[in-house]
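Chains: A, B, C and D, in written order; residue numbering restarts at 1 for each.
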Amino acid sequence: MKDATPAHAMQPEETPELKALYKGFEAESLMPLWTQLGDLMPVHPKPRAQAHVWKWANLLPLAEASGRLVPVGRGGERRAIGLANPGLAPHAYVTPTLWAAIQYLGPRETAPEHRHAQNAFRFVVEGEGVWTVVNGDPVRMSRGDLLLTPGWNFHGHHNDTDQPMAWIDGLDIPFSHHNDVGFFEFGSERVTDYATPNFSRAERLWGHPGLRPLSGLRDAVSSPLSAYRWVHTDAALTEQLLLEDEGQPATLEPGHAAIRYVNPTTGGDVMPTIRCEFHRLREGGSTPARREVGSSVFQVFEGQGSVSLNGTVHTLEKGDLFVVPSWVSWSLEAQSQFDLFRFSDAPIMERLSFMRVQVEGEMP
Amino acid sequence: MKDATPAHAMQPEETPELKALYKGFEAESLMPLWTQLGDLMPVHPKPRAQAHVWKWANLLPLAEASGRLVPVGRGGERRAIGLANPGLAPHAYVTPTLWAAIQYLGPRETAPEHRHAQNAFRFVVEGEGVWTVVNGDPVRMSRGDLLLTPGWNFHGHHNDTDQPMAWIDGLDIPFSHHNDVGFFEFGSERVTDYATPNFSRAERLWGHPGLRPLSGLRDAVSSPLSAYRWVHTDAALTEQLLLEDEGQPATLEPGHAAIRYVNPTTGGDVMPTIRCEFHRLREGGSTPARREVGSSVFQVFEGQGSVSLNGTVHTLEKGDLFVVPSWVSWSLEAQSQFDLFRFSDAPIMERLSFMRVQVEGEMP
Amino acid sequence: MKDATPAHAMQPEETPELKALYKGFEAESLMPLWTQLGDLMPVHPKPRAQAHVWKWANLLPLAEASGRLVPVGRGGERRAIGLANPGLAPHAYVTPTLWAAIQYLGPRETAPEHRHAQNAFRFVVEGEGVWTVVNGDPVRMSRGDLLLTPGWNFHGHHNDTDQPMAWIDGLDIPFSHHNDVGFFEFGSERVTDYATPNFSRAERLWGHPGLRPLSGLRDAVSSPLSAYRWVHTDAALTEQLLLEDEGQPATLEPGHAAIRYVNPTTGGDVMPTIRCEFHRLREGGSTPARREVGSSVFQVFEGQGSVSLNGTVHTLEKGDLFVVPSWVSWSLEAQSQFDLFRFSDAPIMERLSFMRVQVEGEMP
Amino acid sequence: MKDATPAHAMQPEETPELKALYKGFEAESLMPLWTQLGDLMPVHPKPRAQAHVWKWANLLPLAEASGRLVPVGRGGERRAIGLANPGLAPHAYVTPTLWAAIQYLGPRETAPEHRHAQNAFRFVVEGEGVWTVVNGDPVRMSRGDLLLTPGWNFHGHHNDTDQPMAWIDGLDIPFSHHNDVGFFEFGSERVTDYATPNFSRAERLWGHPGLRPLSGLRDAVSSPLSAYRWVHTDAALTEQLLLEDEGQPATLEPGHAAIRYVNPTTGGDVMPTIRCEFHRLREGGSTPARREVGSSVFQVFEGQGSVSLNGTVHTLEKGDLFVVPSWVSWSLEAQSQFDLFRFSDAPIMERLSFMRVQVEGEMP
């Protein structure tokens, strides 16, 4: 595939007749394809979204300042600060499909309940003490946990401690906004249950490996397991690397352990629009450069390393986030054991048959 | 669900400290959710796209003028004039996901071959004489036919007659452009086969009702049947109304016959992103008002009638097109037998579990 | 894989103690595996069913004699004579899963209505004049047609002429009987509708290629298209051979056209347990030897040829039937254009992941 | 549905002509349907298999005696004693589809490796010390564990202790034998790995709730998780009853906790032909009477209670097994907390659309 935009080869001369024609188009809400084809139909994805890194060291103080200056409550609903991709202004979109934000809840605060068609999750890079209450079920949030709020489930949060807590929210707001699929409904101004159990009811019912309750035989569009605990994620990754040490097939590629969080009723992605994964590289390890259709956001959970995005290397530390727009080449290098959480819009691309993957050194 | 945007109830006062915080956000490519929630997460879809009607009587002369003024050839690729939804400027998008255009090919002209990841179809409201060549298979285009060019199939067109011909193109260009999924490749500058058979090879292999070739047992993402002929569509609709006359269940609702064009390997939609249907109302018939998530475009194929879009009635004649944005209420009324072609992004909404439908008089 | 039954290598000596043990087993309704392993678990399928040919020239006179001697009516229900595989006595099973019978209806006779969980079809090798009434919908039966009666649909037949008619019935009675899945219910003693339309309502609703009624969007376990007409089958096969003449991929293998009858709501088999296909060989053509898990029955529809079954060649003429038990090698040779209808239990084997296929000259 | 077999109403008189006709049938390997319809097509399933109970107290001594008298090794392969349903003589079938056996392995013994198309599992009602080696992966067998050996995986067992061990095997041998789908291949005479790890590699890779390795994204026909440990099963059941105590929906019905063992790649049954479940009733609890198409085997794991099978009550203790043939009514009563393992052929019935369920007190 040649890397030239197709549309510039042959444009008609702008004669007065042609200008009149274009006026006629405008009057009738029409636009010619031939003047814009190269932009609309590039030879490969040319995202407006930019590869970009957000440093946790810069985000957290701003979140803390918000905690002092901005109340949380009905109306604003959440003290969430969106990562605004510089290429997607004026929207606070991290990619054309995904929203990523740091959310901050002060000591003893409550974020009121609501529900929306948009799918959401939270990932906790540090801290604890908040419970998110999903359809009345209190779900503890602790470091390393992934917590789900699939579309149209009521949810609110409350901080049960005297310490603030910050975490990452991921949603499909841009997809939903662009395509006009959103619904929203207010719920209780307080969370409906202030209990602080270690395990949610969803976990107690669904969190047993390979076991499905007979009361839950109907497949669910989104995972009914609202919490994926760090203890399990860590164990799964640890075992993959140990199995690799034993010469067994287990890792994605040498030195690269990885899991996908899945819906136990189907084995597929946790939500229809968002894929969540966790990656661990051994110290000194690296990944081949990959391009994929669709966009991803990574957050460093632990360790030091770097990412190369279309050839530009960015050093990364705990909490740092970076975005990989569509068809941007990415590869990781680990200076220590290097743990990263990832979410992406891959389910959209796969369900609509747009996915393509190109891995350095592999035949396309 | 109350019809108020949620975000305006409680915004923090814009103190100097808050302004400084907002500056800090900007410097770090961040944006708060609380100032924009109501726009981003409305209580129900509030599309920027507008309900709009394009009159065929106005489109066709502009297409003809383009035929005189604009050459067709490599670079511009197609003499296609997009329906530009007034709410989606500056893009020539008819909806956030769909592109609709009138394409015009003069006597003996050829539109060169290319392929792209975007899914495309053509629908012929009048005329004949053009063959579209899909991966080397010449497909006749005649009044009432639906012709498919699913993603990544080479295709070009040529007019075998001394008369021009115009038709409607539908693609998922906006979806593809917004989400960065597009690939494009030039093919031959001439079509690869100038034969003008009545039936394409695809039809000869796949166009037998309920019969599947043993050479084609692998399910296909998009329909392998590249042409859906008017003779079959008309017969199917005619039979539905006759069956209704006989007191048998056959129509969608009284006086309303309708078919969906499907992929014979799955029974599902013809392409992963685009649904195509044909609707026929009896003279004097009407449909209940419906709201659906996702957007549609209709073209009147034959007959007189009107559409009510969010309560505004528009009179329609042969060739007229109208767009129904997400969650806009629509209903049809027929002054004669009233035939309409429809395409929509419903496969996207259904595959991603965002579909909702509300029909007047039915329980939600 | 060595072709020895595994169990004979090492059997314990039959000491008095062992005999006592075996007595003990018997008293407790137990049986040891080690004495019967080779029979129960052979190295490859060793069917009791035999490869066998039934000559139409012998069947038809017996059916006619039944017509004179045996009434048709409530109780016996059908004047159907089952093909009893010599290896499966005392059952009238053509294979362990399939039943095949010749059914005979005299002038003006009616076979009363009933329904059963068993799936059934009819295939007409010659004659016409009978209508089968499926859930109240009269379906014409003519030469070359495949007619479906999926499980739990009421059905009866009546002969509208002064000539008798015979055809082939296929059902999953042996599967159903062995596995205890059958239900049966009597219906009307007369058929509920004696009309004799050329086309059933099912065909009028579902028999349009690639078109699905919007009143029928729910996928069906079995095909809603109750008749597959010869005119379409013949056209599909004719086109495959013509496309092959033109150098296009269309046939299953050189000189071998073939179609599968499918459920238009899914593209899959017409019924959950029975696959139906039609095969046409060019004069002088042949097929490579194949072994498949599961069993098939073929009927010659037209032409002369032969089948080789595990190396034994059988000459075949119009109407002749033969059975291919599991893992028996089969290949066809055509002395003229050679048309064969086939049905099999392949959907059972595929849905339960037992299918294996071995084709002569292909790598396993 | 009337409970009369349909075939006896109207049989033709056995005249000499008719007898001659029947002779003619026999000579041509034909059999009339009308003489056998009632047996072949009953109004509801009339299984030859009988409801039956096997007492563990009787089985175990016979297994121990076998341990003394019958060697285990190549040829006989396994010291397994099949539960022979009294209605299915001369076969050692517990149901028409399922095989159930007690297998016994003496101190330090090895059962050699082999593989077969038949799907198999083991369930351990008591004891420990044996490892089953599945495709080279040693899998510990302990009380309460379910261990899988899906079709065509090499497997052998060895006892690492000085104590014998007995357990239950379940396979689809009858289905496979009747339908001729079996393949069998010998493997190593010794197991390929005598290691005795606590956890198999399969568990280490797949045994983390809701987490899927990126190295294992291809869906598997059978579960890749070869061991389902008692600790998880017990916890899942315990939590269901606790949730019920808290007023939450969790149990199948009041006082009746139940889980299904599932394939984590799909959420469906562990193997294509066999469903495995575990049921726990509270002391004093009972279940409504159920009839289901297809057959089941239960083993009491712990506690006292009884089962009513078509109205006959059988008292049950630890280890006792009983079989529920198709459409036989069954209900349980618990005199203590009552734990039962269950396996069935329900995947066959569901995949082939033959399943029906009738629950006492529910509308059909």
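Throughout what follows, a contact is a pair of C-beta atoms (placed from the backbone, for glycine too) under 8 Å apart; a residue touches a chain by one contact, two chains touch by 3 or more.
In this text the structure is predicted, and so the values were computed from the model without any measurement.
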item	value
Mutual neighbours - chains that touch chain A and chain B alike	none
Interface copy of A-B among B-C, A-D or C-D, judged by whether over half of the contact pairs recur	C-D
For chain B paired with chain D, centre-to-centre distance based on mean C-alpha positions, whole Å	52
Distance between the centres, which are taken as Cα means, of chain D and chain C, whole angstrom	30
Centre-to-centre distance between chain D and chain A (centres being mean Cα positions), rounded to whole Å	43
Two or more partner chains touched - positions in chain C	none
Contact footprint of chain C on chain B as seen in their complex	201, 204-215, 217, 219, 223, 225, 228, 232-233, 235-236, 239-240, 242-243, 246, 248-252, 258-267, 270, 277
In the complex with chain B, residue positions of chain A that touch it	1-2, 6-12, 15, 17-18, 21, 24-25, 28-37, 39-47, 49, 52, 54, 58-59, 62, 65-66, 69-71, 73-86, 92, 96-97, 101, 114, 116-118, 151, 173, 175-186, 221-222, 272-273, 293-295, 325-327, 345, 347-349, 351-354, 356
